[in-house]
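In what follows, subunit A forms one complex with subunit B and a second complex with subunit C.
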Partner chain A sequence: MALPTRRDVHRFWRLMAVGVRTHVLYLSRSGLELVMAVFAPIVFATLAVYLFRAGDQPDRLLQAAVGAGLMGVWSAVLFGGGGAIQEQRWMGTLETLVAAPTRLSLVLLPITFATAVVGMYSLIATVAWGVVLFGIPLTPASPLLFVPAMLVCVVALGMMGLLMAATFVLLRNANSLANGLEYPVWMFSGVLVSTATLPEWTRPITWALPTSWAARAVQAATGGGEVVWPSAVALGLGLAYVALALVALVWVERRARGTGTLALT
Partner chain B sequence: MTTDLAIEAENLARSYRTRTGWLRPQRKTIEAVRGVHLAVGRGELFGLLGPNGAGKTTTIKMLNTLLLPTSGTARILGYDVARDALEVRRRIGYVFGGDRGLYERLSALDNLRYFAELYGVEPREQLPRIQELLETVGLSGREKERVEGYSRGMRQKLHIARGLLHRPQVLFLDEPSIGVDPAAARELRRVVADLVAGGTTVLLTTHYMAEADELCDRIAVIASGTLRAEGTPAELKDRVRKLDVLEVEVHDAVGPEHLQRLRDTAGIEQATVETSGTVDVVTVHARPSHGTHAAVLAALADLRTGKVTTREPTLEDAYLSIINGTTTGSA
Partner chain C sequence: MTTVSHASRASRALRLAFHGGGLSYRALFNWTTPPMFIGTLLVGPLFQIFFFVHVGRSLHVADDRFYLLGNAVLATSMPCVYGAIMAVANERRFGTLGAVLLSPRSRGLIWGGRVLPYAVNGLAVMTFMMLVGALVLGLTLPPSTLLGLAQVFVVAAMSCALFGLALGALAVRIRDVYVISNAAFTLLILFSGANLPPESMPGWMNAIGSFLPLHHAIEALRALFAGASFGEVWSALVLEVAVALGYAALAYGLLRFFEWRSRANAALDVM
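Moving on, here comes the complex of A and B:
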């Protein structure tokens, strides 16, 4: 395989920029998405704050809000990424995307990053609601690393989303898969409750999820602890997921062309 | 890669496997396309006609790389559709009819910008090309409106603009005029004719015989996944020119038994019925004979018949004759 030229690299970044802009614009114009974007963070923030207050840990309210926000990011990536592919199938655009002379991975990457950007908004909104409604003090332990840790989290989730998207291209009833993945990943990633409370056998799953490392970094930036190392692991795992997705997508595209699942009919 | 043919298909076939039920699953294999041969020259406008479910869209989706053939091969400008999908995609455009296939909540301009990027149009060429295409399809001035507010005809024009962004050498048009009003359909025909005049090869599927007759250099008729006939519109019409076409207005409901009686009558090759307003119109294709007129009326004796007319066969007559198996083979 030939090395990418300067033109290829330039085209990659243009495609990412135009793709993310297009899909963020598209997602932001959905009435349902807008309502969800306003109310879901309030619900997440409320649940988290009351859970932690009831658990006699009022000092960890910011961590609770951030954890709740991370739940929102994962939901956005899972349902946004998966839902976006499913919606493209319903709209008939999935076929036009696949018929374009651009590798499917490069077509899907901006879609998953667009959903991660929406997820990022969800995280910020959840923390903001926590501050405004419940008076949570916005005093992260590592103020300088707080924002970079959140960005790493969004990027890692976007990369993980690409592998999810590959599955959604293949399956016509992908929504049922998304429903089944939402809560386990929250749990195994320890976004709200520490994974230390989970049984020993869940550890390998936890370690394999970029979300758990990203969540650990964000929680550390909020409440204190090592931020850089878990962020690096989250990014590394995210890159591994991308590599896996690139290989999978070649097979997925061929299989989808073989089974005829790109369209509804 | 140089070849005189833009589209080649040899023994192209595609089957689907379906499954129903969970406890005792029933598996069925549907043969959508069975051994299709096609050879379309560069710059030709080739029509693929056939009833619903005949295999037109499946054939197009195999040729434009969206579906893998179960067997057989196909090449676009010399590139194999299964192995060289990316090379094929660089050279083709795909436009389908209907409301789907566009980002509804985005403007036409945003749709075209995104697809221009996906189709690898050079950044500095994108805006001029988009403006040129909006002008060509008649959407200039409406490009900033959201697609959800567009009429069917406007969406179809946008589909065509999208399919032409990267100046494809081969364009697949899958029922582009479906549901489009006559004025918009005429506009679409003009755009297609201009493209062919400019050297683009077009493969068109349509249900509208007048459209196929007006536009296509050659036509293939497909039914039940197999090609039944191929030739120029004139050659296809010649197949039924030796037959008389009689149209009988009937003021009662025409039943299957009447059609069967007509088909059993000596000299009658085909009989169909279509409801037009308050009357049923029976169309009969019959070998020329002095007795045909009387024989047809005798077969419909228990019905109230009205005006009886004889006319020249049209492409639609040829099509119906081919589909119903009255005439087969290449023209």
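Moving on, here comes the complex of A and C:
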């Protein structure tokens, strides 16, 4: 296999930039997406703030708001990544995307990154909500690492979304999988509260999820702790998920073409 | 000319409500396939219970039973809110709303009958959550609570389904009613009291919650398990019934109003 030329690299970045911009604009115009991305996380942030107060941990309210935002990022990637494929299927454009000379994975990657970017609305909304309504002081423990940790979170989750998108191309009932995956990932990733009270057998699940490490990095930047190492692990795991997604996409595409099930809804 | 007897009229009304409701459920509910039913109505809400139990344990807010009881009842909102909305919204989406509204039959029977299968579905979901949740969390369900449990579940399911129908009525006019259903579903998580102890809820939140479905049902269920008398449990349930009747009246009024407006503007099938 030939190495990518400078022109290939340029085309890749151009595709990513145009794709992410297009899909972020498209998703930002959907009322449903905005409810998912902003309204629901704000409701969860309110609940989290009252829960942390009830739990006698008023000093961790910023972490509660950030945790609720991270919950929103995951929901956006989960429903956005899977839903984007389903939507292409419903609109009848999935066949065109699969038939295009550009690899399907390169077409899907901007979509999943765009869902993670839209997910960032959640994080911004919950932190702003906490600061404005509950008077939470915006004083992250590592102010310089707070934004980079959030960006790493977006990239890691975007990469994780590609694997889900790959799976969702094949599954007709992808929504059922998505609906069942929201709470488990929140729980096993420790986005809102630590996973320390979970049973020992859940540890491997926690370690295998990029969301766990990304959440750990963002929470550490907020409340104190190691930021760089969890961010690096989140990115590493994200890359592993991309590798898996590339393998899965080749198989899924070949199978869907062979059985003629690509367009079935 | 023959006169239709009262018995025959009653039988036709029951047939319209029950048979029509059943047919509508099969045709319009998007989640009847096994993967969707299991993933959306069973697995998702079950993990919602475990998530809040985990949060409760980590923050020492309340015990496992508190979250199991609250979220088992809350689980009914998935089939009841979304289902009742689909019962109206999907008629419009599939282009059959006009045919339904051409019918000379009672709107109360047509739309009221549609709520019943979702209430039964909600009942089944709550029972599943309670049984599996108690089993996994190692909690016992004393036999003395079962009768009260059944009463709370029936009232909660009906109340939530009627709330869903009131929201579904908006689908006659609004295109993307699922924005409203998602928002309502999320608000119930906050205001129903399923996840916050009453003493930790601010007054405004309690006040809003008392006008929403499930709030009083959850209160009744917790009172039942705390060993309260049936009288105390029923005082909360009566409030839940009042909320349900309020939403039934609202749903009926909105459906009639939007039907009239849509006819007047010739906008029934405009998507």
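We adopt the following convention: the second predicted complex is superposed on the first by the 260 of 265 C-alpha atoms of A that agree within 3 Å, B and C clash if a C-alpha of one lies under 4 Å from a C-alpha of the other, contacts with A are read in each partner's own complex, and residues count from 1 in each chain.
The rule is short, and it goes like this: a contact is a pair of C-beta atoms (placed from the backbone, for glycine too) under 8 Å apart; a residue touches a chain by one contact, two chains touch by 3 or more.
Quick caveat: nothing in here was measured; it's all calculated off a predicted structure.
In this overlay on subunit A, subunit B fits alongside subunit C without clashing.
Using the contact criterion defined above for the overlaid structures, shared-chain residue A:P184 touches subunit C, although it does not reach subunit B. By the touch criterion defined above, A:V98 lies against subunit B but remains apart from subunit C after alignment on the C-alpha atoms of chain A. Judged by the touch definition given at the top, the superposed model places A:F39 against subunit C, while subunit B stays out of reach. In the superposition on chain A, A:R11 contacts subunit B only, with no contact to subunit C. Rounded to the nearest 10, the angle at the Cα centre of subunit A between subunit B and subunit C in the chain-A superposition is 80°.
With the two structures overlaid on their shared chain A, subunit B and subunit C come no closer than 8 Å at the level of C-alpha atoms. Put simply, subunit C touches subunit A in their complex at residues 31, 33, 35-40, 43-44, 47-48, 50-51, 54-55, 57-61, 176, 178-179, 182-183, 186-187, 189-190, 195-197, 200-202, 205. Residues 31-32, 35-36, 39-40, 43-44, 46-47, 50-57, 173, 175-180, 182-184, 186-187, 192-194, 196-198 of subunit A touch subunit C in their complex. Subunit B meets subunit A in the complex at residues 16, 61, 64-68, 85-86, 89-90, 92, 94, 96, 98, 100-106, 110, 113-115, 117-120, 123, 146, 162, 166. Subunit A meets subunit B in the complex at residues 11, 14-15, 18-19, 22, 25-26, 29-30, 91-93, 95-103, 107, 254, 257-258, 260, 262-263.
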